[in-house]
Amino acid sequence: MKFNRTYAIYIVVLIGFLVAPLFLQEFRLGLLAKFLCYAIVAIGISLIWGYTGILSLGHGVFFGLGAYCMGMYLKLEGSTTGLPDFMEWSGVTTLPAFWKPFTNPVFAIGAGIIVPMLLATVLGYFTFKNRIRGVYFSLISQAVVVVVVTLFIGKQDLTGGTNGLTSFYTFLGMSLADSFVQQILYFVTVGVLAIVFALSIWLTKSRAGKVLMAIRDGENRVRFLGFNPTSYKVFVYSLSAAFAGVAGMLFVLQVGIISPAMMGITPSIEMVLWVAIGGRHSLLGAVFGAIFTNGAKSLFSETYPDIWLILLGLLFIVVVLFLPNGMAGLVQSIQNKFKKLKSRKEKSHEPDTMVR
Amino acid sequence: MSIFITQLFNGLSLGSIMLLIALGLAITFGLMNVINMAHGELIMVGAYTTYVVQQIVSSYLPQQMLAYYFILAIPLAFLISAVLGIIIEKTVIRFLYDRPLDSLLATWGVSLILQQAARSIFGAPNVAVKTPDWLDGGFSILGATLPYKRLFILALAVFSIVGLSYFLYKTAIGRKMKAVMLNREMASCLGVSTKKVDSYAFALGSGFAGLAGCALTVIGPIGPSIGTNYIIDAFMIVILGGIGKLTGTVIGALGIGILSTTIEYTTSATIAKVIVFALIIAFLQWKPSGLVSMRTRSLD
Amino acid sequence: MSQILWCDNVMVDFDGFKALQGVDLMIEPNEVRFLIGPNGAGKTTILDVICGKTKATSGRVLFEEVVNLGSLQEHKIVQKGIARKFQNPSIFSQLSVFENLELSIRQKRNLTSVLFARMTGETKNHIEKVLEQIGLQDFVYKQAGELSHGQKQWLEIGMQLMQNPSLLLLDEPIAGMTGKEREKTGELMHEISASCSVLVVEHDMDFVRKYSKQVTVMHEGKILCEGNMTDVQENEHVQEVYLGRRKQTC
Amino acid sequence: MLNVANLQAGYDETTILRDVSIKVEKGKIIAVLGRNGVGKTTLMKTLMGLLKPSAGDVVWRNHSVKGLRPEQRAKKGIGYVPQGRDIFSTLTVEENLLLGLEALQKKPKKDVIPSHVFELFPVLHEMLQRKGGDLSGGQQQQLAIARALVGNPELLLLDEPMEGIQPSIVQLIERVIIKIAREQGVGIVLVEHNVDLALACSDFFYILDHGRIVAQGDSKNVNLEAIQKHLVV
Amino acid sequence: GCGKTTSTEGQKAMIDTSGDTVKVGVLHSLSGTMSISEVSLRDAELMAIDEINASGGVLGKKIEPVIEDGASDWPTFAEKAKKLLQKDQVATIFGGWTSASRKAMLPVVEQNNGLLWYPVQYEGMESSPNIFYTGATTNQQIVPAVTWLLENKGKKVFLIGSDYVFPRTANKVIKSQLKAEGGALAGEEYTPLGHTDYSTLISKIKDAKPDVIFNTLNGDSNVAFFKQLKDVGITSADIPVLSVSVAEEEIRGIGASVLEGHYASWNYYQTTDTPENEEFVANYKKKYGDDRVTGDPIEAAYTAVYLWAKAVEKAGSFEIDKVKKAADGIEFNAPSGVVKIEGANQHIWKTARIGQVQADGQFKEVWKSGESIKPDPYLESYEWGASLSNKK
């Protein structure tokens, strides 16, 4: 009964996204598409943070790596000379070796998933094996952000530096400026989001999902039940990195730019905030958190370009203080109240039920 | 020889700056477990306080007083930041003691607000603080010039660390602070007023941030986003040193200072930054709880 | 019969404090062994060494005669069949009682197996049986964090039972239990000793007296003496450091 | 001294204690008995102020302390040894003990730990500089009791103080409890699972079941048979 | 852009001219690190808009600015530019400071066939059909500055810059020029944006013993660099520093006493002596406060609005293609003197000026190019410049 209802909600939400293009202006649809990319990241963060208790403040890096992989392909596809424009003005004359395979879109898409996963696996393996946890892990992930961003900026001739990669015109021969192409990309994004969501739901419902939650509760205790938390944590961390990578690829296609700023500390923290606002323990909450927070951000900054940061800051504070489980938690507690009211009515003839 | 001395001094000097910006965090983060992302903005408040004091002194007091406005600015920077800290503690942090990671998110909001507020009040561009003349110039030794400003910051850092250590390790309030942070309920059952201790501790941490801000006006920019320049470094120092241990923080700060300047001297600032952060990551793999660890046998 | 566990001259040194100073301990299969001794004698520490939480400074711990536990990580030791109940209840407070038990099943614990693991009727029955044994049938879906202290103790015992261990380490299992429940625990211990060995740390002498055959007494990181309870009780040294001279009444 | 009337308390939405009334007189030891999960700890926490009662009153020395926070109650002379010890794990034993002084209304000039606690628990003296969290279970329990005693309480709430303590020291603690009750007039609420032990050192007992007082009486002449039914599952 | 022509060229951009106002976008960083510079550009543009509105608007319509915050974040610039073009259907956008923000907006304005006026000096090597560049390109700022340094201050040049595209590209140009004109490179160092400890870099400079320092640091770093340079006792007499991103506003944030005697290369200073400038400075101060100062990018932003208005009037239409066509050759008496749009690359003719910082924080002009210099973003007119770009 409860099972069916939850699934029904998921289906309704999916249908909602599918019909959205009918109601939205092109610009707004573009924004929504971008938010859905963010929602994919948010699902991954909810998995590692809400379910496993790992707070990563470095997911911007994974998002960025995915995006750069796609961006590299787009740059090469768009270049008439075989060299991306920024290399020309940085004085690079031959395409660096690691760029070469990115002429192949299949390779680029594969890399957009594998590269972030690989980094997460390596980093996660060492950090988790060495039992670095909690705040320590969070801050290490920030240090990783600093390293990667500084490198990307410093290696301008290879990466495009602060500018990042932009000026994309076609993808697989289709013009990215074409609104029909953009609509197709929107539906692809919705599809990917649905797959990522379903996969994550399945994961959390599996026994492994319970192990993840047990790790959140007490990692060492999990060891004494015979599980090796390291492998579980590495797995879920890389999975969420892969999600972020996929999201990054879709982002680049639709937004048309990726720069180190998108991998920095600020976006990485904001990603966590989307999830906090939506409800870290709820995957659907995370999806709506990403959409809602970014929607609010766009709205605030359009309406009050001078003080929108204050409004955004207040939003963060208020939600964190008063909705510890985010919007999903709010919905849940309203539901519970409602249920209680109902059951109280039904049982009103009985004396107060006793604990135990 | 002179370059060796200069670089060693540069390292120590950078280390002392790092120490100043990290000291406040060593309290709010190291002891109180609050991940205060607005720490950088408290530094900013200290810097703007210095600016305002200078403005007031130069427009209302005789010209010769201007040389000494700094003496007034130091305690005021501490005080104003501390008061702001108390306000933040009472309105935001207080609700989050059992949710340290959430404190990160809420204080991120606080930092956005403070930055924008500074922009609205003082304008977006940087403001200039003219350091008093007696801090101009430097002290020459073996061909190297050690600027007075840097010596001054070094002295301020030493003074702060000595004062803070005494406070934390030798006084009852320091002990109470540690107890409250470890187990709030139990501390209160023993008669410790947790609310007071929370406010004191957060005010103290914020005050040190203000002090750092005041010191930074001597060498760096003063603008609404100054805090963002320092916040990550400050956190790195605290975890590198080992959460909750001042000795660790000191070693961490000086270590990073000397390491950064040395690597930068042989490579470039960008590479130095990459290497230093990579080394921090690697070091923590080796010593997961920092230089000076506080592990106990409890299960988690 | 050969021993299931052999601690061979185990020493543990915490920054200069010698918590264990050469402990030799042998446990036979299907034995229930009691470990007693003054506070700070090193009882918990020896359990920590066996289950891998603390690494021995020197000496070795052999399991089933061949496996050297000293070289294994905690979870590997558990997979070998050694279960441990801690002195303070250690359960997963945000999971339900049922989920706590589900995770404790003896199963392949690698990622892929667990990812695709299904709840079988057999495991369900096992969980239900254990729930009954630990008396938490009415709390199946309660969050474990909301149980009382004693209930948590029971849950943790239940979690160890789920594992079908070959060696069960119990650190003060009846602390905080009332008379009847103590008896239940005592009987349970003997019941499961049909299929495994049990090493129990306990301070309650009535309980030890009632359920022990072999008792080992530790003191200051060493084994003081070994024997049945009556012998041990008579030992002057044991009386002096542990039991107290004579039973005092208030 | 302590008068608890019709107390009702619990966690969030679940009410645990219902209509609980107990009385503690000066120099008397009260035992609270009951099976696991009946609400003994909940009662202690409510007395200490860690939980807010939803109904009823707690009167301490003729004043209601219902609205007071734990630290205010501690300053009024209520000491607490919680179940599970709650030692400050990264503070040294000495610091843990010094914190006990916080409950004193008049601060001593210098931070000194009264020597009588070391007479009771010599092991603590040996381990003054060790971190609280590194102590063995029983040592921590001793530390928790010592910490409460340092504050010279007039009412002492002991939640299973004997848990994990070696027999000889259990006997010692028994004697100490009785001694401070008799000699210093401290009122004591003792939660203890061992019925024999509890009855042996208490003057009066209450039995809790399902959050209610189901039996009470004089400890010296109890009908064991009669109370047993409340204590078995 | 460079290389590819846009697929939507000639497409009718949507411009909302239905009412009696016409919307224009004003897109600068009002928050984040770049706001320290960009807020003033917004102010200058709004002032120009007010002035034009006061004198009747353009084509009889009042200009209605739509202000957006780029938040010092390039993808945000792209998003906001898209929003301005697609949703608000603005006639043009004035915006950007960093090259990165311009590069982010470039494909958006090209794909939507919009128009962007970019008011800051930059590294060149670009000319988008949908962008007008009212700041200096390299041959109007950096190249003359290097020549002047080599002639007046010495041959050994130390290059320091922030680690991003403008300084790196600028320094590439400078190095070619040094080689060609007989200068020597004493060193080249970059620091991350926001870097604030320059003690080590200054040690390196001391070791290298350069005659001059060419400074392309941006933003906050300038404050730290100059303060710390002074602390070790290096004055403008010892090693003069010539900056290309330090204008009057930056001086206010560093402190004039710290900078006194050092040089900058711009096309305009607050002290530039033209009647238009006198009025401009007075109006600016009246509008925004006596303590505010103008500066080169502020003037270029202000000028951009006028140039656009003139082009629209000349075209008699707001349509992008017509405006672009009409813009060629338009002249305007800007505060910096007469400027003229070069239709071929959509940059403007400007006068180069070297200024020296005075005790009051203002510049004293010490050199200026005789007449305004024709913009040459790809340095095609310089022999040594040929190798710098692959522009066919």
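Chains here go by letter, A, B, C, D and E, matching the order in which they are written, and residues are numbered from 1 within each.
Just so we're on the same page, contacts are C-beta pairs under 8 Å (C-beta built on N, C-alpha and C of every residue); 3 or more make two chains touch, one makes a residue touch a chain.
A quick map from chain label to UniProt name: A = Urea ABC transporter permease subunit UrtC; B = Urea ABC transporter permease subunit UrtB; C = Urea ABC transporter ATP-binding protein UrtD; D = Urea ABC transporter ATP-binding subunit UrtE.
A quick note: this is a predicted structure, and the numbers were derived from the prediction, not measured.
Compared with subunit C, the chain whose C-alpha mean position is the greatest distance off is E. Among the remaining chains, E is positioned farthest from subunit D, on the basis of C-alpha centroids. Interface comparison, B-E versus B-D: the pair with the greater number of contacting C-beta pairs is B-E. For this pair, subunit A with subunit E, the centres built from the Cα atoms lie 36 Å apart. Centre-to-centre separation between subunit B and subunit D, using Cα means, comes to 43 Å.
Subunit D and subunit E have Cα centroids lying 74 Å from one another. Contacts with at least two other chains are made by residues 30-31, 163, 190, 192 of subunit E. Shown for subunit C are the residues in touch with two or more other chains, namely 86, 88, 90.
Contacts with at least two other chains are made by residues 115-116, 270, 273, 297, 299 of subunit B. Residues 1-4, 6-8, 30-31, 67-69, 71-75, 78-80, 82-83, 86-87, 98-100, 103-104, 106-108, 110-112, 123, 125, 163-165, 168-169, 172, 190, 192-193, 388-390 of subunit E are the ones that touch subunit A when the two sit in their complex. Residues of subunit C that touch subunit D in their complex: 14, 17, 37-41, 43-44, 87-88, 135, 146-151, 153-154, 171-172, 175-181, 203-205, 241-244, 247-250. By the touch rule above, subunit D contacts subunit B in their complex via residues 48, 50, 69-71, 74-75, 80, 82, 86, 88-91, 95, 98-100, 102-104, 111, 131-134, 147, 151.
Of all residues in subunit C, those touching subunit A in their complex are 51, 53, 73-76, 78-79, 83-84, 86, 90-95, 99, 102-104, 106, 109-111, 114-117, 119, 138, 159, 163.
Those residues of subunit A that touch subunit B in the complex are listed here as 55, 57, 126-127, 130-132, 134-136, 138-140, 142-144, 146-147, 150-151, 153-154, 218-221, 265, 269, 272-273, 276, 306-307, 309-310, 312-317, 320-321, 324.
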